[in-house]
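Next come two complexes, and both contain chain A; in the first it sits with chain B, in the second with chain C.
What follows is the complex of A and B.
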């Protein structure tokens, strides 16, 4: 091997300078600008937006955490799952139990949700090993119904059919996010949660980005692209797929925990099939196998129902009040998600992230169209 | 042959799928640093030989030892750790990843970061990435792949992808390299380039290589020894000149009274 080493000393300098440059987080000026912009929005958001707007963005942030999790499994590892809603539910009830019943502080109930999610992923993962594609989708679909059954019947933890209150404290040392007060400036509950939730979004995005540029994350992507070749070069398929399930479900559970805490009340019904489909929609619409794609998708999917609600009296055929004829806002949402998924899969399978990349290329090349 | 210590010792390997015998009592040895070619008509069992060494197929009988370690009891990922690397007849790259990430995956078994240290990045995982990426950049240079650094490899030309596969195999730091038709579908220029790289691997890295190839000129020019297979059976093993004179080999390729 020494000959090889010697040879490369005189080789192409372009590739040698900084071997980590190509995987740096904020490699270009635009990305650094984007980071600063994001930071500015983060700091100023709660000061400028209404409580209603903030609550939509808070829900979107929670969804983004879950979507980043599903993206690990589906976007990066290529394993389709319709069971994501179940993991969110598991996280929500874990938070309700550890934060409410046991009255543990924020970092502990959040960590407990992550651990419970990871453990369930560890148990479920092996069942998915021998199945791919639509077969895996069906198996995970079964998981949703199994989960519903457990959530509805394990009354001491979940409250059964009628659900339960989540009273988990959201204090970090002296900072109470439910009642945030910075230097005399008081924030609404929505404003306080905004800081908490989007900090977790940023942390999760960073951790997943790091994962994807190191050994395990690369193995995920190898399994997605060519599993037989991955095995022959030394990637252990079973272990790698199970790890992907573990990471994915753990993040879903964290999202679920924040969801329960923010909403203060959870109901087993919420964690059904429709929630799972919403998450699939988020990563399809946002752009699979990117970090910011699921975040865009989560913002989009969360905002759409509120926009429909806002404009429902102006959309013909939508019933806004009991007794009116027409489809309900909820049904319209469902139909719209279906259309959006189909539309994106047909027109831009790589989602909003790719649309953004195309717009960028267009303006970089402007005024030329090629 | 630089030295004649036996690296790979295959004895009486038989592999069948239902009633079809893919390999029948195949025995051969490959010594350290040797370039050992396997030829034969389509369906003779050449790729099956690779799939046995890789533990992708489980032969019914026989043994295959790499430096004394039995390969047939292992799982595919174990053979990678033992030092067996291969390329595929039809490309099997990770098409959405860059050249360097493909090579880095070749080094997967040499890396240590995991589900905790990876996401935390700063520290152990970062150092490891830096060291290993440097090594991959060297391998990319060695195979003249450096210009294609960050492109998804699926977008690169076929000949280059073939070379990346070879690079990924080299990145595994193998003791035995299995090349499955490395010049299939290449034009003259690409073939010569690849032949040059195969020679370089042998001369500068001294890695024992098992070469399956249809292009006879290439095989006869490069190989130290050649094994001829037909219908899963060994017809002859010998130096290229002997093989070219061998009557039975002529029959296999050209037909005739047997």
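What follows is the complex of A and C.
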């Protein structure tokens, strides 16, 4: 028993020797180093980067929260969802209503979004219980369209087709993230939001990482791997699947709330099928069923359009001005988006996260190839 | 009453187009278990092939239509050979995402070649109409309905009497057993994609006919054809056609009566009725109206 629970000794770093090792939060020294590196980037980022770069990274952080949420459902529980955009929308409008109309403070409207998201997940989850695979993909596709219809018609909350402003305050005690000032050093809106958003990303990542070490998290993965076998060993399928929906949609709503607040304006049109597909693409490209995969995927999917925009005049065959022949930047983005999804699925189905793992393994065994 | 009949006819005409798109889904799903999200793009591609052959090359319309059908069959085979074959054995999720990726790529190829603007397909039907009593029937709609029935009839004969059709049914039931009997699963799957491509071209031509009806967004109808397919059951051609008609008629009736009688459902509710109907039906019959019931108690 003690051998089973034993932690790795210093002679064999990185070697898993017992149960405690395999459930450890940060199992190796490298991961602890990575954590420190991340912390350094977090603290120094707003001091080094331009406002434009920061805003891209802010959007990526918001996307990362949503992608981590979808990863709970798709990556860990194995349920396909093309309806993630709807939950983001629900969160954004909740923030707009609770933060704007009712003027509640930051922790409350963020919590309200999480709760509303969870409740919607609780209502929608049972619909998905009897459906699997392709059926589930299409029913969630229907959810996006129905959701968009509701957003467009519930004018008192969502502003209808023309959208609405989001004036939710982002003050936490004396700290105003929209107008951050630390010891005389003033930060731009993008810089302030950077701290807020990436703190939430870290919190959410830790939450999901921990969730996956609990009974519920392992039940999710058992359902993904083989639902019949999971049921046999005592996992209650219905409850597990619904819980997965609840966690996933709640996180999506938090992302949506931050999105609305950061962008200051939301439109029902934004929360359509394309957004949902983007989220699926993030976890495909980043790497499903890992914690940092969705974050990498979110950074990648958010940054690529901006990079193309930035360098469009240097890419041959791209029309940057009206009248010029060649494909438009928009078309290039869309085509590239499709090609990236196909490319990753065919060449590296486990995503960017696996690329990193492969490099690590290569150097572990260096100079031998295996 | 006349209004009602007119709406029903419009619904059948719309439903016939859904059915033609849905039949493409069904063929591929039967043979491979994959839902091809790129079907809509192949529909648009078919319409543009016909446009190119008829308007740009000046071929007669019928010949252009045949070229479009053949062209889309080839596109189907290429897609299967280059991408989908590599994905066999991968989870459903990955395969669905591949076809979604393809959707983005093909859509952009279409706008790159033929541009964004609406075009005239130059079909012989134009805006001709026939009057039956008080109801006005557009010739192109009659053609669409007729073609839907023709295609489903051809499917029936093909699956029932041809050896390839039999092989397809065998592969759908059990791939390994089919292989053991000497059936080439690869050829069957390629055939399924080719058939789906040709049906898509037919759907594309009926959708793009009429003045300035050919746009890159023609393929978006595939999104509304999903409910038709789900409603009929993923693996039943007859179900796809009936599902298409049910969805089409519900949609036009909603458009006709909902604004006056149930305005609380909101503006433009008819555009989401296919999904509402789909969700309601799936709650009662998760395998659709005619789909194979999978015995599973979980």
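Just so we're on the same page, the second predicted complex is superposed on the first by the 342 of 370 C-alpha atoms of A that agree within 3 Å, B and C clash if a C-alpha of one lies under 4 Å from a C-alpha of the other, contacts with A are read in each partner's own complex, and residues count from 1 in each chain.
Assume a contact is a pair of C-beta atoms (placed from the backbone, for glycine too) under 8 Å apart; a residue touches a chain by one contact, two chains touch by 3 or more.
What you see is a predicted model; the values in this text were computed from it and never measured.
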- Query: Between chain B (first) and chain C (second), which does A:331 come into contact with in this model arrangement: first, second, both, or neither?
  - Reply: second
- Task: Could you look at A:87 and tell me whether it touches chain B, chain C, both or neither (first, second, both, neither)?
- Result: neither
- Please work out whether A:234 is in contact with chain B alone, chain C alone, both, or neither, and reply first, second, both or neither. first
- Task: Identify the partner contact of A:194: answer first if only chain B is touched, second if only chain C is, both if each is, neither if none is.
- Result: neither
- Message: Quick check on the superposed pair: does A:273 touch chain B, chain C, both, or neither? Answer first, second, both or neither.
- Response: second
- Message: With both complexes overlaid on chain A, does A:109 touch chain B (first), chain C (second), both or neither?
- Response: neither
- Message: Contacts for A:149 in the overlay, against chain B (first) and chain C (second): which applies, first, second, both or neither?
- Response: second
- Shared chain A footprint, chain B vs chain C, residue numbers 228, 231, 237
- Query: Which chain A residues qualify as touching chain B in the complex?
  - Reply: 1, 3-5, 7-8, 11-12, 14-16, 19-20, 22-23, 207-208, 210-211, 213-219, 221-222, 224-226, 228-237, 243, 246-247, 289
- Query: Of all residues in chain C, which touch chain A in the complex?
  - Reply: 29, 33-35, 83, 86-87, 90-94, 96-98, 100-105, 107-109, 111-112, 223, 226-227, 230, 234, 266-269, 271-272, 274-276, 278-279, 282-283, 286, 298
- Query: How about chain B: which of its residues touch chain A in the complex?
  - Reply: 54, 56, 76-77, 79-81, 85-86, 88, 92-98, 100-101, 104-106, 108-109, 111-115, 117-121, 125-126, 128-130, 133-134, 137-142, 146-147, 149-150, 168-169, 172-173, 204-205
- Query: Can you name the residues of chain A that touch chain C in the complex?
  - Reply: 74, 78, 80, 127, 130-131, 133-135, 137-139, 141-143, 145-146, 148-150, 152-153, 227-228, 231, 237, 273, 277, 280-281, 284, 327, 331-332, 334-335, 337-342, 345-346, 349
